[in-house]
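Next up, some structures in structure tokens.
Next come two complexes built around chain A: one with chain B, the other with chain C.
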Partner chain A sequence: MKDKSRNEHHDDSNKTSRRDFLKKGILVGAGTVLAGGIVTSFDAFAQGGDTIKVMTTDGKVLKIPASQAIEVGARTEETMQKEGRLGIPGRKWTMVIDLSKCQNARMCMAACQSAHQLKPEMHHINVLQMDHGIGTAPYYMPKPCQHCDNPPCTKVCPVDATFKRQDGIVLVDNERCIGCRFCIAACPYSARVFNWTDPKDKEKYEELEYNMEMNVPQKRGTVTKCVFSADRLREGKLPYCASACPNGVYWFGDMNEDAVTNGTSKETVRFSELVRDNAGYTLLPELGTQPSVYYLPEKDRRVPFKTDLNLNEKHH
Partner chain B sequence: MAELNREESKRTLHKIVTDLTSPIQKHYGFKPWIFSLLLIIGVGLYAYVTQLQKGLGATNLNDYVSWGLYIAGFIFFVATALIGMLISSVLGLIGVKWIHPIARIAEMIALGFALMAGLVIVFDMGRPDRAHHLFLYGRPQSPIVWDLTVVLTYTAISLLLYILPLIPDMPFLKKTIHNRPKWQQKVYNFLAFNWIGDREQYRILKRSIRVLSILIIPVALAIHTVTSWLFALTPRVGWDSTIFGPYYVTGAFVNGVAAVLIAMYIFRQNFKLKEYLTDFHFERVARLFVLMMLVYLYFNINEYIVPGYKMKKGEDVHLLTLFSGHYSGLFWYTQFTGLLLPIFLLLFKKMRKPVPTAIIGLFVIIAGLLKRLLITVPTLEHPHLPIQNVPESFHSYTPNGIEWAILGMSIGGALLIITILAKLFPVMPIWEIAHDKGVHEDDIKNYDPKEYESNKAIN
Partner chain C sequence: MNIRHKIAISITASLFFVSQLAHAQWNIPEDSKTLKAPKPVSAESVIAGKALYNTNCASCHGQPGENNAIALSPKPTDLGSSEFQARSTEGSVYFQVSEGMGTMPSFKTSLKDDECWQLAQYIRSFSAEGAVDLSSQSKDLDLRLDLTSKEHKIIAVAYDKGASVEGVKVAFFIKRYFGNLPIGVSKTNANGFAQAQFPTDIPGADTLGTTEVIVKFAEEDLYGKKIITEKVAWGKPFKFINPLDDNHLWASRANTPTWLLLSYLGVVGGVWLTILWVVGQILKIRTYGKWH
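Then we have the complex of A and B:
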């Protein structure tokens, strides 16, 4: 599944738009003109290496040594690191979780675990069975990272390995994380998990370049958490969990556009209206964390709650 | 102090020098002690190598209780290290004389435990290979960076406060210790810093010690306050407390005094220093001990009774676990053997003698470690949202053999540092003790052991 998603990603980057193509042509062309003046290019020809054709800004088609051509916009680990830290400009991502729809199908959990190479006990998103006691109805509550606007986790990180981006997403850089787990202690939503031992299928993924926006490959001794599927957002797609849900639980979108799209029906509505009309709320608002994830109350549920509530009694 | 006549003065000084330097030359059970320490450290090293190979998964820690024995151990080490500041600085600055034979012991404990505190935190890291990231990417808003800064500063000042009062002792060591390896003589030579013992040198020395003693007070308060903030700055039930700073600092003093009492007893027996660490000294330290425990008890009452009276939702689960639930046995054990019983027992003069105080100290320090485990773990077992869809083992935490072995290695390491210091240098300042006993300045300055060796036959 993971490989599939990576392939998808590469396919997409090959399906470049006309504008992208022109941009690449311009940059590569300019690079070639500069390089042309330098002896190295002659050396490459002299050595009889493979050549490729590129088009310059003024429409000329040039041959250059293939070994010297760099695809503009190719995602190397370096660029992924840089983009990953910056985020997507102009966006402020938000998720609305409709608790009245959740039937505990757990497709979200499966899709997420598969995309992020997680072991079965590691949850970026976890569907909890909630019960507030006498007189209230139990319900299912999917719980991703809340991507707080005042995140307790990023504040305490000693090395800036976890940080908040301009588009509101809280990410982890597992190349920098020292594994002190202060962020796990600080998170009131228990949203963070740790790679206590070697990650799942370590040998299979070890060689992959680190993609911060997916936080894969996972690394032993580092923290991981929900990334709001930052890689999918960059491609204009909905997060893995939202897309996998069969019951229409997830709405995802951009607060700046005031629009959220349902992961199941693909219907798009106004974010502010959805939250206002359905009495949306955030989790543990008294802590002042200002989550980016909103919940719609568990009213009018059509499915009976198949209780497994002794799970909730596991408090000591 | 009583002025001694010249003959008495010389004789007294010689006795002090002999008493305090002979443990450096003779071994009383030194080898079995070092062997056991090295064995403990060896076992711990094996455990740590296992942990390095498997990752932190070799421990019983999990995604919910992600801090356990190592972090509790870290607080315990920092707490014990704080004693250097209380005894040699606070009491020293207000001119308490009876601390003179104890101050260096306290400073040795401070050094040993502060150095190991730094290591314990590395044992807890998922990626110890990236420890340098703290210096490359350290962010000033993280309490870990504050902690790192103050712990390093405290260790440095403690080291200076250990070394400076050693300087006037070096001439005595150079003159009396001949059967030790050459490097040891070189160390003495180096640390003497050309000490001749004139008034000007003493003036500079005492002034420097005074400045450092003042400097170390805010630093020491800072290290334990910041350590408490690693917890108090997170929005978790049981940690989210405004009195965590002073609660930790007073708890640290209790722990530190307990450690000093145990060390005093061991040095008194093993180093044959009964004349220097007298019943009077134990009586005084025991009184200090009671005072510290009363203050700590006061903070405990505030920490538990205030939220316990209200039993707010969320807090109730946590508090009931401690008062009557899963952790009640451990909780009441630490309260009784770590506070209530010791305070009660030490009210009696008979109990403020060397043996009972050392035993009480041992109980208090064990309770101290367990108490820190109780501060760390139960809170993490009760997060705001329920623990679900994870293996049964994630619901609770008990440290496993690997964790105990690594903590054992850390304690062994601290004891090894203290032992090495005690084997290299006198455990009390010869010059200060001699001065207190009325030895003439000139005799301290011009001490010559040969004078006595030739007279031995006559005496």
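Then we have the complex of A and C:
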């Protein structure tokens, strides 16, 4: 509540009223669409009652009697803030990344960046070129936030802006974030990025309600990171990156159900069996961060590694 | 030679080069082209191939004949197109699936040999010579579920107008959040029964172990889409332990560990007490000064 009053304080009155108008318009518009898109009674017109203009989700502008407009349960910023903090009860999300399948198509990155309003140089997920040492075979490694069960980042946040939910997801609330970047320094996986400049398409996103499950609209001077596509999980859909991958790299699921589903082939398998049979591991386990992201080793790769970098070169 | 000629020549040359890139790199040996699958094409192999296609190929190539491949460079071929079919044989497709080329991976490590052949037979079913008429063989069957709660066995019965049907593949699943977890496929016996054992260690949705079982025909193209779901209390009882109910160092303010809170308050309290004591001492000095 504190944040809300702070925001309203900063907004000038003109902007607030315009935002409120749009907010209502969108709510009522969504209402008409959900009601079948047809206004069945025009009695209010005949009686000369008040009418309002609403825009439907497919872009049509309609005039409907004000008395007929029903507000539907669209998620307001307040509910999104509340639910976003709590998470989805009973779940423990996990991701398994099969390194043997990754061939650097980078479609995960593109899908993620377009969903989360990120500039090309900003990554919630990044595909890295790796090797284990001199003489070993190089490989590609997609690296999202590890959503640790013992996250170092949330410990150092002085304002409770980054936090862990009951379903295991670590989120950032950019309404609270003061941009101190302690969390960026604390994260051993370099999973966080900072909005040094105005975000991509700032004007386009400005009027949207802030949804912390997407961290959109992004805000200059705040930290952003992978959110495990918390908004998609709520709808029972796989994350943006997992769904976009053409190579079957990503498995995603609920550890409590012991099942993960492949984003490409939509196959579902036992999480415990997949990780056990393929020698799954987590990154930097010695730090005790207990990541929720597991990796399967890059054995039996189906395509040769192509790069202009010589990763096996000896460094002096 | 004027500038127009030069441009025309360079465009023709680059077009030729591009077309070479798109096609000529597949180097399929002649004896592979004439190779035939160990088992002749059948409704069963085409349906199995279709399932394999949807899990392994569709993400790049899209659905055959619909020209909806994803935007990769070079663009994946539409495998239902007549151009592709005209230059293909069962053996050539088998070679392409198992060996791969460029961005297209080799599937011989991830698929079995007969699976590669099933894929080839499915892909070739879009040509005149490889086509299999599924509609003439398809039956509209019914499915019923019998659950034996003692042994946790799921028994499905396939029947056609009251009479049980033999030799129908039935697939059993457990519902999970993002998809259905397969637990077995079995063929109906002479009595029309197919059965699967419910796994002992699969977590249920609640403390009772409630789990949703889903049963379908494995070959839906032949027997129709029948989906039966049933809730059983056979799963491992699951109790959600909310990590936010406990105090952790990583948790937000409300869930601060007691030791941290106490030591912090102790330090702050100690500092304040010291300050108050010092102020008290100074006041004492002043009052002493007034008296003497």
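Here is the rule we use: the second predicted complex is superposed on the first by the 235 of 316 C-alpha atoms of A that agree within 3 Å, B and C clash if a C-alpha of one lies under 4 Å from a C-alpha of the other, contacts with A are read in each partner's own complex, and residues count from 1 in each chain.
The definition used in the following text is that a contact is a pair of C-beta atoms (placed from the backbone, for glycine too) under 8 Å apart; a residue touches a chain by one contact, two chains touch by 3 or more.
Remember, it's a predicted structure, so these values are computed and weren't measured experimentally.
Once the two complexes are laid over each other on the shared chain, residue contacts for A:176 go to chain B alone; chain C is not touched.
When the two complexes are overlaid on their common chain A, residue A:52 makes contact with neither chain B nor chain C. With both structures placed on the common chain, the touch criterion links A:66 to neither chain B nor chain C.
When the shared chain is aligned, no partner comes close enough to touch A:137: not chain B, not chain C.
In the superposition on chain A, contact of A:128 is made with chain B only, not with chain C. With both structures placed on the common chain, the touch criterion links A:160 to chain B and to chain C. Contacts of A:89 after superposition: chain C is touched, whereas chain B is not reached. In the superposition on chain A, contact of A:287 is made with chain B only, not with chain C. Across the two superposed structures, the residue set of chain A contacted by chain B and also by chain C is 152, 155, 160. Chain contact summary for the complex, chain B toward chain A: residues 54-57, 61-64, 66-67, 124-127, 130-131, 133-134, 136-139, 141-145, 148, 230-231, 233-236, 317, 321, 325-327, 378, 380-391, 394-396.
The touching residues of chain C, when paired with chain A in their complex, are 54-56, 59-60, 70, 72, 100, 103, 105-107, 109-110, 176-182, 202-203, 205, 238, 240, 242-244, 248-253. Put simply, chain A touches chain B in their complex at residues 109, 121-123, 126-130, 143, 152, 155-161, 176-182, 184-186, 188-190, 192-198, 220-223, 283-284, 287, 289, 311-312, 314-316. On the chain A side of its complex with chain C, the touching residues are 89-91, 103, 105, 107, 149-152, 154-155, 160, 163-166, 168, 236-238, 245-248, 252-254, 256-261, 264-270, 300, 302-303.
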